[in-house]
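Input: structures, listed below.
Consider the two complexes below, in which chain A is the common component and chain B and chain C are the respective partners.
On to the complex of A and B.
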């Protein structure tokens, strides 16, 4: 038994490092495909959508500060229905984990380690995440907090340095071209924020669950702000038409950016090193969330035994996409389906719980098993 | 406990197994002497008849995997010789310093860039490595045929940097690979520094391969590349801008017209000198631009974009041809300014007209329309082709204001 230990800063750090992941590399491409020069705007709208989703999830979790998502969903809509929902969530996050790992593997095999088989990079990354998930939620929070500054600083540095080559005219007109496509792009970008669902596992272990809203807003605004900055930097340097030609514009941006006085002529190697950490924390969160939910679904006290049990399934799912184009199609559609699971479903739960006047104990400072 | 005698052995084996991952190397390990570091590439268009005889069937074979019918190319590369390139200004490793000994130049033919590189790889024992590629020279003939394949290949290759230079050579491009300029030990680096220094002296715009690609992609802008020529003593001269329609070269400017481009775009620092004839050819002075500023405004009149270009340039007086002109009077300086303003307006307008004829908007005026008049753009232009024809009809008004600030160390 450990006490509730996670602070607001830690919770925010978990959110930020969960959100920033593989998605950063292709993000400007998604945004530009949706809105041309309006890419920063469409990113902002996507972030807004994600903020709304996260706020609703946070409100729901704060209603039941001592229960996990699985437990209170059963309280709200009954056992059988809630179990279907929980199974869907588990499947979704295990797929998300495997797609993250696969996207990581594809980037590495295309751009850096060209003769290393993609299977090896994927399994190494998954193994790393699997080993790390054998810790409890407190250690989980510490790992995220440790990596948090490491993610933020280099990305901001690259964005700032790339401004040397930026042209404002590329960002005009700010509202983009086609409002219809914008809606779709908004959903695609909001889907990059689905890792925030990890908050439902964090809140039951927070010192003061009543402050969870502060953490979630800070977390998503920092990550969302960073996303907008990256998109704006990429579009202003390359122009929207050129970005459509690039698979990973952010990586290309790092390639085109040099440190002053030619200390480093291209920053892509440095950027990739940081990006591996970002991918790891994202993978870690979704993997952790999956096994955490499985253990709760089966009413187990421990989630550790699932760490390695899940590994082969996730790995095989990761290897299913036949090629990189198909992989991105799958990622986009899985992401959009995921919005139903991570935003629409909790929203329904919230309204039903309000209608049925269900809520958990508001007592905050009691001893809780962090593994629950 | 005699049964468990094997336990320590198993434990030891387990420990050994744990050590194994730490002893492995990198999967993609490639020692520096095992890679052929390509510093420069030249690409020429060649006639298919000569080339077919020379070429081996490496990436195609007649019958089952036929070669494409597009014209063939001759690719030459400059490969750095490990150990021969002196590091730093001091004499390192006993290199004699002549350029021919630091690099190895080989050429092959192929149906496309990739095909040629494969033919080359078939001959070179080490793996070709493009991470340090700094200069790509294409011949004018190939540029006029179209650079789609060149752009595609180098954009797809993750090793190539966006800060490399792509340039168009007058005549054969391969000469630039075999040349041995004296200033730099590595010929490719000399080519590169010619252009990099050009940027710093205000003689050339920033036009790395990445920027060229961006410009080609943009709907309201066309790409342009440095147009170079082999001069005496195996030296390299920048003789203008080669301008493009999409990936096809359609024309080239004169060297001074680079200054025109820089003026219209307001690129700093400024660094071109021009003659100003005052009264008759005898009484000329020469001025040097030091600072440029430009403002481009667009308005739509009768469904045709009308651009107003405000150019302001600061000058220094550099030289005069004879002593008849005294320049110790502000009024004379003013008359020189007036004279040059008139000439400049004509000069800039002519340059714009020249690109208009070909529909090659290297200045990116179309981007201004797209950015500031989006409704007009969506109603009348929409695509890059749309802008190409619209550009030909666009109207331009050039306003130039010049200020001579300094006259050097001589009093009159």
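On to the complex of A and C.
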């Protein structure tokens, strides 16, 4: 047993590095498909929806600072109903893990390792995540904090440098051409933020759970701001019609960007190196959350036995999409369904807990098992 | 179906992963839980380890028989 160790900065870093991940490559395409030149606006609206969802989840977790989501959902709605919800969450995050790994594999075999089978790249990334998830939540926080600046700085640099090729006219009209499609686009963008649910596992190990809201808002605003900048940069450089012809516009943006004085004439290789780290941290969070929740569901004190056990199942799920097009269709559908699990369900729990006046004990520097 | 994706057959990878995960759980986790005195976790790990190995063996047998 150790005292609570995770600080506000670490919690915010976990959120940022969990959010920034594999989705960053296709993000401008999703936004442009929904709103053409209004892509930055639809991204902002998507971020806003994600912020609302995260605030509600944080409020719920702050009511029960000593319990994880699995535990307090049972306190709020009873064991049998809560277990159904918990199983759905576990299934959802395992699917999210597998789709992240598959998307990573597809990008790697398309742009870097062209002769390597996609299965090998997927297995390598899953193995890396599986080995890392065997650690406790404190180590989990340290790993995220370590990678946080390595993710943020290069991505910001690429977005800033690309702006020298930007044409403001590509961003007009700012509300796009077909506002009806905006809602669907908003949901797709908000779905890219579902990893923030990891906060429900982090809050019980935070030094001051009462400051969790600060970490949530900083985390999602940094990541959301970065997403808006990337979309605005991509649309202003390429224009919405050209982006519709690109599978991974952010990668093309990195290719079109050069360092001053032509030190590096294209930044895609550097960007991909950073992106691999970003994918790892995202995959790490969703994998960790899956096995962490399974161990809580079965009232186990350790979660590491599930890290290797889940590996073949996650791998098989990852290989189910038949091609990239089908994979992105599945990612969009799963993402939208996931909003019910990661936003609607916790919101219901929050209202029921308020109505039933259910609340956990206030925290007073209690001890927490680092393995939980 | 499981072995026919648009790429190459991935059943062999699944067999390898099942056997590997089962062996790793039995060798590493069961032993560490035994030392730590976590009896419930040890039993669960033992079950998971053998389950993985059995699934891997069944898949390997079916691959050999039906290939």
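General observations
Throughout what follows, the second predicted complex is superposed on the first by the 371 of 372 C-alpha atoms of A that agree within 3 Å, B and C clash if a C-alpha of one lies under 4 Å from a C-alpha of the other, contacts with A are read in each partner's own complex, and residues count from 1 in each chain.
Criterion: a contact is a pair of C-beta atoms (placed from the backbone, for glycine too) under 8 Å apart; a residue touches a chain by one contact, two chains touch by 3 or more.
Being a predicted model, the structure only gives us computed values, none of them experimental.
One of chain B and chain C touches more residues of chain A, and that partner is B. Contact with chain B, but none with chain C, is seen for A:258 once the two complexes are overlaid on the shared chain. Contacts of A:115 after superposition on the shared chain: chain B is touched, whereas chain C is not. Within the superposed three-chain model, A:88 lies out of touch with both chain B and chain C [touch as defined at top]. By the touch criterion defined above, A:348 lies against neither chain B nor chain C after alignment on the C-alpha atoms of chain A. Contacts of A:298 after superposition: chain C is touched, whereas chain B is not reached. After overlaying the two complexes on the shared chain, residue contacts for A:177 are found with chain B alone; chain C is out of touch.
When the two structures are aligned on the shared chain, A:315 is found in touch with chain C, with no touch to chain B. Residue overlap on chain A between its contacts with chain B in one complex and with chain C in the other: 117.
Within the complex formed with chain A, the residues of chain B that make contact are 26-28, 155, 158, 161-163, 206, 210-211, 213-214, 217-219, 364, 367-368, 370-372, 374, 378. Against chain B, in their complex, chain A makes its touches with residues 37, 110-117, 120, 165, 169-170, 172-173, 177, 237-239, 241-242, 244-246, 252, 255-256, 258, 265-266. Note for the complex: chain A touches chain C at residues 117-119, 123, 298, 300-302, 304-306, 308-309, 311-312, 315-316, 319-320, 322-323.
Within the complex formed with chain A, the residues of chain C that make contact are 2, 5-8, 10, 13-14, 17-18, 20-21, 24-25, 29, 33, 38, 40-41, 44-45, 48-49, 51-52, 55-56.
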